[in-house]
Amino acid sequence: MSAPRILLLPLAIAATAALLAGCTATPEPAAEPISGGTLVYATGDAEPGCLDPHVGGNYPQALISTQYIESLVSKNADGEIIPWLATEWTESADGLTWDFTLRDDVTFTDGTAFDADAVKTNIEHLKDPNTASSTGYLAVGKIDGIDAVAANQVRFTLSAPDSALLESLSQPWVGIQSPTALERDQATNCESPIGTGPFIVTEWVKQQSITLERNENYNSAPDDAEHSGPALLDSLEWRFIPDAATRYAALQSGDVDVIDNAQPNNISSAESDPATAELNAPRPGASNRLELNSGKAPFDDERVREAFIRAVDVSPGIDSLFFGTAERSYSVLSSVEPDGVSMPDAFTVDPDAANALLDDAGWDMIDSDGYRTKDGVRLTLDFPISTNQSIPAEQSLFEQIQASAKDVGFEVNLKPTDLSSWYGALFTNEYNLVSAPYTKVGPDVLRILYHSDSIIPAPSGYYANLAQLSDPALDEILTTASQTSDAAERAALYEEAQSIIIDGYYVLPLYDQQNHYLYSTSVEGFRALPTVSAPTFYDAWLND
Amino acid sequence: MTDPSDTTAERLSTRPAARLRSLAWVARRIGGGLFVLWMVATVIFFALRLIPGDPVDAILGGPGSQASTEAVAHIRADYGLDQPLIVQYFLAMAKLAMADFGTSYALKIAVAPYVLTQLWSTLVLTIASLVVAWILAVALTLVTSGRGGPARAVGSGLELLAAAVPHFWLASLLIIVLSNTLHWLPPISVPGPLGLILPVLTLALPLTGFLGQLMRESLANAYEQPFVVSARARGESEWGVRFRHVLRHAALPGISLSGWAFGSLLSGAVVVETIFARPGLGRTLLSAVSIRDIPVVTAVALLSALTFIIVTVATDAIDRIVDPRVATQ
Amino acid sequence: MTEILAGRLSRSNPAGPTAHRWQQLGRNAGAAVAIAALLVILIAAIAPQLLTSADPDAVAPVDAFQSPSLTHLFGTDESGRDVYTRVVFGAANSLLIGIAATVVGLSLALALGMLGGLGGRVGDFVSTRVVEVMFALPGLLLALVFIAIVGPGVVTSTVAVGLSTAPGYARIIRSQLRSVRNSGYVEAATVLGHSRLRIVVQHILPGALAPIFVLGTLGVGQAIVWASSLGFLGLGVAPPAAEWGAMLSSGRTYIDVAWWLTVFPGLAIVATAASFTVLGRALNERTRQGALG
């Protein structure tokens, strides 16, 4: 006699449950993630003017757009490019055609389907002058044509091979937004862009906060995420607290859960605080460095450049001012760039050698204030400082550099100004020293920063090659590297490029672009995306 | 703070004439106020165009933009920045006359609603601070003046020190003591009255010092007036004398200067809003100037001027009511 | 305030003769302390070497963040510099800006006041409107825009603070000039046929200038606080110059590990501003009593 059919269903269910239990019988984490709650994040970066990272394209935009906009590819902690909205990709033999296979199960939060047409619309949006995109525009600079070959197949046609294409596409500034949303006027899209991400922008109270709510239909987590499906948190509150001391005080009082741009002394205090944890996520691209303007006197003379580098001892200052939270860098590239090369021997401090070099270069007269002169002109270095970009510890470091440069006869004029005036000084070539951070995924940033083409200003007056390095050999290497897809060959070329830059004494590396997050220990699952080290709260939950 | 050209030798006692005079006064003040607003708008217009740098950069979202030459030209034409300066001026004045404050260069949203929201936040802060400062100043002065010795010296000394304290220093001290150590209050401006206490105290205490010193002086002067003697002769108590007669006169200079005090509170609000992460006109102004957002700076300047004018007229009106002599000077 | 400074009736204390003497003593002691403090600050500004032998810009990263001790009275800052020395040397900057700004403000106010008080109806109209416009613009706005145009620095800070304080002075000076012009002895001089210039120089100017000195003394304290606010916002003098406001600003960052970086420069500002105020009020008392005596 067979069992009554009515028992089959519960048996089936039980069996399925047993199977599933077996499948998920991995070692359990210490605590179970709890769904729900609102996490409060306080940022010290400027409030973005527009929440659409296509417009302009700076780091504050990247910080927040990571919560609601996703890119075609991502990067994992080992530095490998991993699938995200795109699942596969192939490059043609001549490097001029790239084919991407896209996920077919993703929708934007306004219901529009994510497909090849959406990708096409987005790239066109970046290239459209009316969008006024800077970073994203540069990133897709070599893409000439986009074809929606099939619903989930898109083909890029390039003007030249681009070995940095995947790295560029992994950045938030090339994130994919809903084409329907992009059709709205820019002001509206800036208020609440629509993406595929785990959260949705619901409210923006200017100068105060942005509210983001969970996207209940989310299913496009990158491969290196801890779970799949919707985010655990109900919502995020993104607050703007520009004052560092206030921001940290707010973390300590429990008014906020996570802060960024943590100051070194706060990080140091937090080390002994059991209720606060730290996440150190250096930004990719270039390291935080001083550029010496070789385009005009006195740094057009390599001996004077070398003398400056031999004269200033920055390591003790970095140690004390940053409370040991920043490590001295001897590389032009960030330490998260695998192709970065560190050359400590090139930066030995030797004031005697510095003095000898300056004498040799003709700066052998000393005036009444102790500064060197040549033909009646004082050895003066103008150093504009952007108070928006340089934290107080860094500004103090520059004061120390000023003091040690004075010991060998340099007069360093520090000029703290606001961002607009700072750019003004750069555009009019009124600087000898400058510290200009540049965040980009991948070593191609060297081409942006040190190729002689980058000395040519854009119509707005902006140029990225602030060292005004113009070396045809270097140009050749950088161009070739940007077209070489062989990883080993590329690495060798970039190593050579970095040697040229460092040996020419164009750059004084200080430390990685600091990006420290401090957060309450009640926050779990919080990590920084390995692309541009922006925070992601997709896996985060509140344990209280 | 009365209009000096308002000199009348007669003391008119007839009511209709007095009412007419009051109306004329109000009309004159309104006209004067509009004139000042126009002058402020003009000064701001030319001053902001003196700042080095191209306004187009601000519109493009910052100087680091990669916008093409066409895009730059397009924006220039769009915003009327390619016109001669004098043409731009008249267009701008015409727009302002119709209360069209334009669009923010950086935020691309309508300026008027944005600035008004920020103004509200700052107004709450400054008015609360002014009220608290007044209360504290009056209390301190009344309690400690009129008697000799230590009480007066202590009161005077406290006021002196309070008036000399910079806002940002006071804010740091208050945060250290009341927030970090005692945990009584939050270090940032949270919604609700609790988050208002520290910012208000920071702005109010130095003003208390200033107002208190002022009141102390005029209180002492007021004590010497003949009406005090006659009041005392009539048998009024000391406190009666203080409240009913002396306070009125002592308050005059303070009331007159409240208009100025309001202006200085607006300036102090910048520091307080920055330190306590409070939205407001001060912070808006600071960031707008630094990114060269001309429409926003213009709107803030005009709004501040308007607020100042309103407060001034109000305090002058109170002046006239509190001290009828003023109306006939 | 006009009435206070124009000098009214003599002060008689309602509380009695003994209290009066205590008050006098208290006031004299206060003035003495203020003068002593100002002398120290003046020495610090003019001859800092008398108060300290160290170099305010001597960087020593190994000595950073030391708390106050016998070797470093006020501790050291983030670059190992001696805070006491920097406070002493900072007096010059702060005092310079405070006094210069007040001079700028008073001069501007005097010019406007003269125009208003003596320039007839047109001059009066113009100067009143100018003062009203300057009053209507918040001081910080004026300062920010001015600094944006010209760029930060000592001169810019000075002018910016001066511009902000000018309208307040202007109003007082104008009332003062007006009351002097309408006074008896000017009338008498006019009747006697003295030239306009002589009247202005002999009678009006001295009458107007007397309270200016007191105003200025009271104002220097406020100007110093103002200038330190600009330094706090990063719009003041260039580094490494020691300036109390800038020191306070950078000290605030480290408030949880080094309280002395915030407390001592702040005390210096308060002490200076308060001393100037006490001095100003004492002078005010003197001139008032002098006017009656």
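Which chain is which? They are A, B and C, in the order written, and residues in each are numbered from 1.
Simple rule for what comes next: contacts are C-beta pairs under 8 Å (C-beta built on N, C-alpha and C of every residue); 3 or more make two chains touch, one makes a residue touch a chain.
Computed from a predicted model, the values in this text were never measured in an experiment.
A.B. asks: Contact counts by the stated rule: is the higher one at B-C or A-C?
C.D. replies: B-C
A.B. asks: Please name the chain that ends up farthest from chain A once chain centres are defined by their CA atoms averaged.
C.D. replies: Farthest chain from chain A, going by C-alpha centroids: C.
A.B. asks: Can you check how far apart chain A and chain B are, centre to centre, with Cα atoms defining each centre and the answer in Å?
C.D. replies: A distance of 42 Å separates the two centres.
A.B. asks: Once you find the CA centre of chain B and the CA centre of chain C, what distance in Å lies between them?
C.D. replies: 21
A.B. asks: Would you mind pulling out the distance in Å between where the CA atoms of chain A average out and where those of chain C do?
C.D. replies: About 47 Å separates the centre of chain A from that of chain C.
A.B. asks: Any chance you could list the residues of chain A touching two or more other chains?
C.D. replies: Chain A, residues with two or more chain partners: 245, 418, 421.
A.B. asks: Listing for chain C: what residues touch at least two other chains?
C.D. replies: Those would be 148, 252, 255-256.
A.B. asks: List, in ascending order, every residue of chain B touching at least 2 other chains.
C.D. replies: 52, 172, 180, 274, 289-290, 292
A.B. asks: Name, in rising order, each residue of chain B that touches chain A in their complex.
C.D. replies: These residues of chain B touch chain A: 52-54, 56-58, 60-72, 74, 103, 106-109, 114, 117-118, 172, 175, 179-180, 183, 186-188, 190, 274-277, 279-280, 283-284, 287, 289-292.
A.B. asks: Please give the residue numbers of chain B that touch chain C in the complex, ascending.
C.D. replies: Interface residues on the chain B side: 4-5, 32, 35-37, 39-40, 43-44, 47-48, 50-52, 146-149, 152-153, 157, 160-161, 163-169, 172-173, 176, 180, 213-214, 217-218, 220-221, 223-224, 253, 256-257, 260, 263-264, 266-267, 270-271, 274, 282, 285-286, 289-290, 292, 297, 300-301, 304-305, 308-309.
A.B. asks: Which residues of chain C touch chain A in the complex?
C.D. replies: 57-59, 61-62, 64-65, 78-80, 148, 151-152, 234, 238-240, 250, 252-257
A.B. asks: Where on chain A is chain B touching in the complex?
C.D. replies: Residues of chain A touching chain B: 42, 46-47, 49-50, 55-56, 58, 129-130, 132-134, 137-138, 186-187, 190-191, 205-208, 239-243, 245-247, 249-250, 252-253, 255, 388, 418-421, 423-424, 427, 458-462.
A.B. asks: In the complex, go through chain A and note every residue touching chain C.
C.D. replies: Going by the criterion above, the answer is residues 244-245, 248, 263, 265-266, 268-269, 316-317, 319-321, 387, 392-393, 395-396, 398-400, 402-404, 413-418, 421.
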